[in-house]
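Common to both upcoming complexes is chain A, partnered first by chain B, then by chain C.
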Partner chain A sequence: MIQALRKLLDKFLNSLFKKKKHIKLGLYGPPNAGKTTLANKICTDWLGEEMGNVSDVAHETREIQIKEQISIKAKGKELSFNLVDTPGIATKIDFEEFIKAGMKKKEAKIRAKEATKGVIDAIKWLDDMDVVIVVLDSTEDPFSQVNITIIGNLQARDIPVLIVANKIDLKKSDMKRIESAFPQYKIASISAKFGNNIDNFYEALLDMVN
Partner chain B sequence: MLTLQYIPYSDIEALPSSKRISKLLNVVKQNKIVLLEGRLRKTEEADLIKKTMEEIDAKFTGVELSVIYPENKDTLALFQRIKKNIINMLLGDRLGMTIIGPAAVIKEIKRDPNKIELLTNEISKKKKGK
Partner chain C sequence: MPHQCVRCNAFYEDGASEILKGCKCGGKLFFYIRKEKLEEAKNMTSNLSEEESKEIEKDVMDLVGERKEGDDTPVVLDLESIRVLKPGKYELDLVHLFKGDPVVFKTGDGKYMIDIVETFKRAGEKEK
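Showing the complex of A and B:
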């Protein structure tokens, strides 16, 4: 009887351990919020190498990118995860916007096609995530339906969410607006580009998962 | 000219998710703005975005979407909250309103807790010209 209970306990602890070792941590958000910049910051801090390209032109990340086996530590806590950087989720993609950004028509059309596929993939991957960081641009209106839909879908799937208000180094950054839009969520305010408040972000992430 | 099409919830209530989304998108692709009574399920909102992405081409560049739904605020008195919960249980997804419009017509839907602003492409072009 005792042995059976011990086996059961071991199985439970192993599954817990195993689960924690293979956490999939997703970066979600609208285009140009700074998801890949944050992914690069995390990878540089803990692996010593970047994850992907960043650009001012929207939809730079058009494919799911994964960096495996990242371990972060803060205040005696540790978390190992596979980081999944996803393309920005949008409800519209117009190739002419890319032409305005300086691309040739053919290149713009290809980029638009890839971007639409990227959005579809990002949504498909929602079901595979264990934890999600929703990256928002703190200079932009947080009440957009894309933000609400992403967070609502994570809530419906019982996936823990940490909201990151990025770009706090910019004058137009408005934290209060983000806090009023999502009062029920923990929000970490950072500048992924310059590393402002990044330690607070790591602590908030570890607090949420542990 | 802007065309608004009101769709009562009863029109989509009995439909499976995929048909609900197709029905709404078909109206939007006729360059009409859909005013849907109530709202889609959260997963259907994500599916609507997915389906929109699949249908994007040179003519159809996507949608603008906004869901207006009375949230349960912590500031409400207990009795008001209970009343709201009962109404939610009875009406379910019939509560609120969903606006879906073609991106070629609607430039942006701005919302904050108290108001909704619908900026059309023509209006924003005029503003730019000022």
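Showing the complex of A and C:
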């Protein structure tokens, strides 16, 4: 209750002064969608340093990562925020998948346990977020339980959402499929790895928050 | 609602003293099972070897985290939110997790506590 009142007050003050905002911006999505790659791109562009490790093996990020005080500017607008990169949200975590990716059994089981804890932590942090970027892999089917549950819950909590359709550099990327899955949302299509359309993403983010 | 000891598969009803103190076999981890899922749960746990039960017990205690040294109070994992089918194989029910339903129940001082704030402290709070 107190938290809700504080949020309301913050929103009121922000709208009153209309100056540089300082918000918590969360990166959410399924594993291997490119959340950390996007976090690294944002940090490299505006801070000159990376945020975390990326890997082809799912669940590389298993703990919440925070980078404070990032300021981005575009078209005369400015936004200052703390960037929160979260572990990938999944419904099944199986150590055998990590073994297939070349890990040893013991290491794979530890990764599975940490990834499970990561999912719980990511969900617990959701209430602290002011804005969320949902990062989706545009080569994958967007109609998944994970995507629908994340986006539905953000809507229920009244947290503004920007959907990022990542990996547009890949042949299998299908933007139309994502647009038809979430027609009521603003969608920025990018390649976080190669920086394609990244300026459009920053503009969409500033438009949404300002 | 039944509680099942992960180590020896014994079932206990709500309020049983074993849930508060630990199972007769020495086990400190129980699965909390809704009645309609009882048969499913029985099949699941009966396929586990002793070694696997112990591994699951250790993994879930690690997952719960934040247990102080020497704290051996039993922990009850709600299977509705997280299922551990075999060591290293987890199924998560996102709808329950997003709803903020408790994942674990802890016992202590002869009481049964639903205490996720304590058991799942967030990284940011640790620094405070």
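Rule of thumb we're sticking to: the second predicted complex is superposed on the first by the 188 of 210 C-alpha atoms of A that agree within 3 Å, B and C clash if a C-alpha of one lies under 4 Å from a C-alpha of the other, contacts with A are read in each partner's own complex, and residues count from 1 in each chain.
We take it that a residue touches a chain if its C-beta (ideal position, glycine included) is under 8 Å from a C-beta of that chain, and two chains touch if they have at least 3 such contacts.
Predicted model only: the values in this text are computed from it and were never measured.
Let's test your reading of the overlay: on chain A, do chain B and chain C clash or fit side by side?
Verdict on chain A: clash between chain B and chain C.
In the overlay, answer first, second, both or neither for which of chain B and chain C A:125 touches.
The answer is second: A:125 touches chain C but not chain B.
Give one of first, second, both or neither to describe whether A:155 is in contact with chain B, with chain C, with both, or with none.
A:155 sits against chain B, while chain C stays out of touch.
Applying the touch criterion given at the start, work out whether A:53 contacts chain B, chain C, both or neither, answering first, second, both or neither.
neither
For A:71 in the superposed arrangement: first (chain B), second (chain C), both or neither?
A:71: touches no partner chain.
In the overlaid three-chain picture, which partner chain does A:63 touch, first (chain B) or second (chain C), both, or neither?
Only chain C; A:63 stays clear of chain B.
Examine A:141 and indicate which partner it touches, taking first as chain B and second as chain C; both and neither are also allowed.
first
According to the stated criteria, A:200 is in contact with first (chain B), second (chain C), both, or neither; which is it?
Once the two structures are laid over each other on A, A:200 reaches no partner at all.
So, A:108: does it touch chain B (first), chain C (second), both, or neither?
After superposing on A, A:108 lies in contact with chain C but is clear of chain B.
What part of chain A is shared between its chain B contacts and its chain C contacts?
In chain A, residues 89-95, 112, 116-117, 119-120, 123-124, 126, 145-146, 149-150, 153 are touched by chain B and also by chain C.
Going by the contact rule at the top, pick out the chain C residues touching chain A in the complex.
The contact residues of chain C facing chain A are 59, 62-63, 65, 82, 87-95, 97-98, 103, 120, 122-124.
Under the definition above, what is the set of chain A residues touching chain B in their complex?
Residues in contact with chain B: 89-95, 112, 116-117, 119-120, 123-124, 126, 141, 143, 145-146, 148-150, 152-153, 155-156, 180, 183.
Within their complex, state which residues of chain A touch chain C.
Interface residues on chain A, with respect to chain C: 63-64, 66, 89-96, 108-109, 112-113, 116-117, 119-121, 123-126, 145-146, 149-150, 153.
Chain A touches which residues of chain B in the complex?
41-43, 45-47, 49-50, 52-54, 56, 58, 61-67, 74, 103, 109-113
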